[in-house]
Amino acid sequence: MAEAVDFKVIGTSPVRPDGVDKVTGRAQYGADLNLPNQIYGKVLRSPHAHARIKRIDTSRAEAMPGVYAVICGRDFPQAAHGEIGGESGGDVSDLAKNIMARDKVLYHGHAVAAVSARSLRIADEALAAIEVEYEVLEPVLDIDAAMAPDAPLLDENCFTKNLPEKPDKPSNIAAVMQLARGDVDQGFEQADVIVEGEYRIPMAHQGYIEPHACVANTNEAGQSTVWCCTQGHFEFRAMTAKVLNMNVADLKFIASEIGGGFGGKTVVYLEPLAVMLSRKARRPVKMMMSREDVFRATGPTSGTHIKVKVGAKRDGTITAATAWMAYEAGAYAGAPMGPGAMAIFAPYDLENFKVEAYDVLVNKPKVAAYRAPGAPQSMHAMESALDELARKLNMDPIDLRMKNAAEEGTQAPYGPKFPAIGLKKCLEAAKAHPAYSRPLPEGAGRGVAVGFWFNVGMQSSAEVHINENGTVTVVEGNPDIGGSRASMCLMAAETLGVPYEQVRALIGDTESTGFSNVTGGSRTTFATGMAVVRACEDIIAQCRARAAATWGVEEDQVLWEDGQATPAPGVNADIKPLSLADIAANAAKTGGPLLGRASLNAQGAGASFSVNIADLQVDRETGKVDVLAFTAIQDAGRAIHKAYVEGQLQGGAAQGLGWALNEEYIYDAEGVMENAGFLDYRIPVASDLPMIDTQIIEVPNPSHPYGVRGVGETPIVAPLAAAANAVRSATGVRIPDLPMSPPRILAALEAAGV
Amino acid sequence: MGAFGYVAPSSLDEALAVLSEHADHGKRAQVLAGGTDLLVQLRGVDREPRTIVDIKKLAETNRVQIGASEVFIGAAVPSAVLNENAELAALLPGLVEAADLIGSTQIQGRASLGGNLCNASPAGDTIPAMIAVAAVCVIAGRSGTREMPVEDFCTGVGSNALEAGEFLLGLKIKTPAARSADAYLRFIPRTEMDIAVAGCGVSVTLDGSGTCTAARVGIGAVAPRPLLVADAATALVGSRLDEAALAAAGAACSRAASPISDKRGTEDYRRKVVAVLCRRAAAAARDRALAR
Amino acid sequence: MSKVQVSTSINGEEVDFLCEPQQTLLDVLRETLSRTGTKEGCGTGDCGACSVLVDGRLVCSCLVLGVEAQGHEITTIEGIATDEGLHPIQQKFLEHAALQCGICTPGLIIATKSLLDRDPNPDETTIRYWLAGNLCRCTGYDKIVRAVQDAAKELAHPA
Amino acid sequence: MARVVFPNHLLTFTGGEREVEIAAGNFRQLLEALETRFPGCREALGKAAVAIDGQIYQDAFLEPIEPASEVFFMQRIEGG
């Protein structure tokens, strides 16, 4: 990383290249494609949370006029066990069963059959004509009950993984994980003060506004083109190929514009069904989930039960910390308990700690990634406990965190030593921020909390084309969820030394550009950005060579400065610099079109830390919470597009506050989700929130040419505890469980007698 | 299976004829005003074919008339139109507030008092407010129109007193006298977009000394149907609407409530909060009446 | 099932279409007329992504029947920009980075237009409550509110 | 000799050994050396993420390893 930070365009906030189409309704999202001859597919879903499928009779539906195809579990190839690979992980066979149940349904809303028909109405009527006979089983809905030795089993072949020896009988505990260092018993003995807490959080959904949708078009040779909203069309292609036992080369995936994902659009649900229906019908099949389907049958994030114990000396030094954490996986193994366990103590330099984490099957939808998967839940527990610890020690909560904060060289709880990180700078900024010292109105409270996410790199490809007039087209493979085209253009413009307006970025389909992993893990600006920069460097090298050829000098006698090839000092002073446009105009004579390429597996994603300050007011008669002010401070490494970095901080804050205050999956005793809609799954609306203040800290990531750290996930982590700590400060009562809904707050206040 | 149909009668007679014809032949017809409940039901819980009878083209259901002694609000007038009517908002601020609380701006562009009432949700926001101002339902049927106090209109969760072939034409409300005012408050977890966890409408009339001479209190979302709480009114009448009287009225609301625990709130919570809302709404109504 | 013929006006153009009586206006716009700028986020009036104006009145098109469009004037996101270019609201949404994924943006722009048509100078609270029916999951609303405030200024005093 | 540390969930493949010292020039050689020492561990270790001197690699292969290097195997990290 060069010291000079005198950037021309990086750190500005220009209008995104795809903007006009998105404010005029032209941009095409998942459900916006209509093909000639298109028919509609719909899914029949289980009315039971746990049942064995005895019989499925599709004959009446198949005979209906206007019905083209009916499929159910028996029509699918047997998917082999094996890792899906890529970002999402998990088991292929589980994925296959999750998108279409075979012998058992494991949650209310689990797909059991699908139809394609001339119209949505006929498809609905066909679904109603499918007969399914179930043997209803007792649902396992509560995480503690699921872990009990005598609990009904979701999967008779589930033997807990990662134990020293394979257990002798199956259980709902799919896997355990432990992290430990030092001697916690001794650590607690050294402590002057010990706090303990127990925290429960129900499942929550990403709540992207666009329901999943796709159009699949299969030809007579079995080749399919699939248009869909996805965070990663290459990985969707891979999953579809594995689930359907197809050749990847026979599948072309085109990523539509995507209306939000937050991790929820990293796995397939509809796409393989649409391919099968389209193959059977020999027509394009369009499938769209309803909002209810999205809640019931796509992956929310885990509900959790977490216990934390922290001991410290009088001066605030933490001597030991332990955590026990159970994460709901939903119907199939794969809760984010690993990252949750690795994140919980990550901000702190601890000598003695122990974390025990469980991946637990319950009769609820299989969880999917949700923004910093696993970390908001576990760090809510730790950051709440630290708030209590600060109170017991009579210490400022920021000072307590500063006393124990990790910095460069600190051995992270998950293993490696941290390179340069920005936690201490964020804490200093929070302490100095006016939001931390301004007076609070009557009845309000202030809470602070720290957030963290690892961030990932992974594989990316990029191509840079120089058009004949010197304008630049960047082609990459990451769906743009939050303005990443603009970031790519900024990095390309900065590297090439050309104006931002001269660069356009587009997202290629799986046949027109190189492989990229999903847009997720806060990796796109980091990893794909790195590929774009390298591809631009490839262009620069080519331009220098062509300038050298034009001038009849050696390549090392040509420099690239301010978007043009210039002769090195001392080289024939009469030579006029050649701009990108000049070189492009003459490209035919110097070797043909200019095309730069890069592909990489980006390493060295930098961890991103945050500190949030929340001011909340509690109506003591109704338990209602108003958010008065919120400040999000985060280390972005380097903000490429400043406004979109702020937007990530603000959006994460809003999601975290929603999770803290109102969002939850509510189930009845039979395992039916009772609030599968935006009316009662209460995400924040505009009038619920104040302006969200942001402060971007920049501790450049040494592994990225411009210092980028991933920035998208960390913002959702700290708001949960910041809100809980603010309610504690406002009321004097610790409410350990989320959401802190009005009935829960009022009941807690009454129980505490305040 | 029958088929869906749609008619938009342009006269009251035509509307009644369609409804009667369906009633007589056992065919299902459903009246459409703003459609904000009906279309949600069509998508989910009730997809059965029927004839949809759109009453928005009738003069009567679109009428808002403010007379010296009586206010008439047509059954299909959208909330937004009520909210934009400054004269109405000044006269019946509580009722207009309640209409303004039904859903989003978008919903208010369609949703009507009449539809909110006929849908007969226990949590319908305008119903307690209408109870508070003693609104009277004007019901059209083949044998003429009949009237019914609004508190008698809802007969249970989702059921109302309309007979086959009848529909709600509008609501009549006595024009409030001097030193009379109403207020409506509801509790929701967010600031907007939620269904009431509890709601309370209060209207009061004060004499020259500020003593309450008449009151009505309606509560919602705390029983199978919105209720008129006579005991709460009794607690207010004769007082100067001081804290003690307000608390007594609130307590009466808690007693009258028979709430359930569900995804929106617990029984205990609803019982407590309806008292808080009653106190706050009565204080707001008092302050408005004093200012008149 | 017999379809009904409907004559309406969409963004100032006469449009005739056939629809089933129970089909929503949203469904007609998107699937029959391929006017896909209007989005579906929930189908139950809870998210505002399908906002359109009917005779200038803001509604959710998922809660309007296609047949009800007969004789009315519908305005959708496709009708907001003019021959002169983007509407100032659209321009300010872009300048303020008031969209991330952009799926809620058409609905928000329509809702903002209906607000500013009525109230050219709304305060922050008014803006937030008027837009409460338009869910956005990406932005936390901060930049949206700022874009609306700036658009109001621009419309009052064109630069 | 590089210091190599295993998390609990991989101890089944190392016979319970948490920490070993291995001489290797790069990660591929390290895996081979570990396979020799703990037969059958290669597949699981190859799928894990690894931190070499503080740098996390999701898919390490030819990354150089110095005699003084610290190598931590860890669970792969996902993201939303």
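For clarity, chains are labelled A, B, C and D in written order, and residue numbers in each chain start from 1.
What we mean here is this: contacts are C-beta pairs under 8 Å (C-beta built on N, C-alpha and C of every residue); 3 or more make two chains touch, one makes a residue touch a chain.
Just so you know, these numbers come straight off a predicted model, no measurement behind them.
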item	value
A-B against A-D, pair bridged by the larger set of C-beta contacts	A-D
Computed distance of Cα centres, subunit B from subunit A, in Å	44
Distance between chain centroids, defined by C-alpha means - subunit A, subunit C (Å)	29
Separation of subunit B from subunit D, taking each centre as the mean of its C-alpha atoms, in whole Å	69
Contacts with two or more other chains, residues of subunit B listed in rising order	44, 191-193
Junction residues of subunit D - those touching two or more other chains	none
Numbers and ranges of subunit A residues touching at least 2 other chains	206, 261-262, 678-679, 684-685, 687-688
Graph class of chain-chain contacts, one of line, ring, star, complete, other	other
Sites on subunit C touched by subunit B in the complex	1-2, 4, 20-22, 24, 43-46, 48, 51, 54, 57-60, 62-65, 67-68, 70, 111, 114-115, 129-134
Subunit A - residues contacting subunit C, complex	13, 15-16, 18-20, 22-29, 31-32, 34, 120-121, 206-211, 257-262, 288, 290-291, 481-483, 641, 643-644, 646-647, 650-655, 677-679, 683-689, 691-692
Touch list for subunit A against partner subunit D, complex	83, 87-89, 161-165, 175-180, 206, 261-264, 266, 336, 338-339, 342, 369-373, 414-419, 453-459, 520-523, 601, 603-605, 703, 710, 712-713
Touching residues on subunit A, where the partner in the complex is subunit B	124, 292, 621-624, 661-662, 666, 674-675, 678-680, 682, 684-685, 687-688, 741-743, 746-747
Residues on subunit B engaged by subunit C in the complex (per definition of touch)	3-6, 8, 32, 34-36, 39-40, 42-44, 49, 52, 54, 56, 78, 80, 103-107, 109-110, 191-193
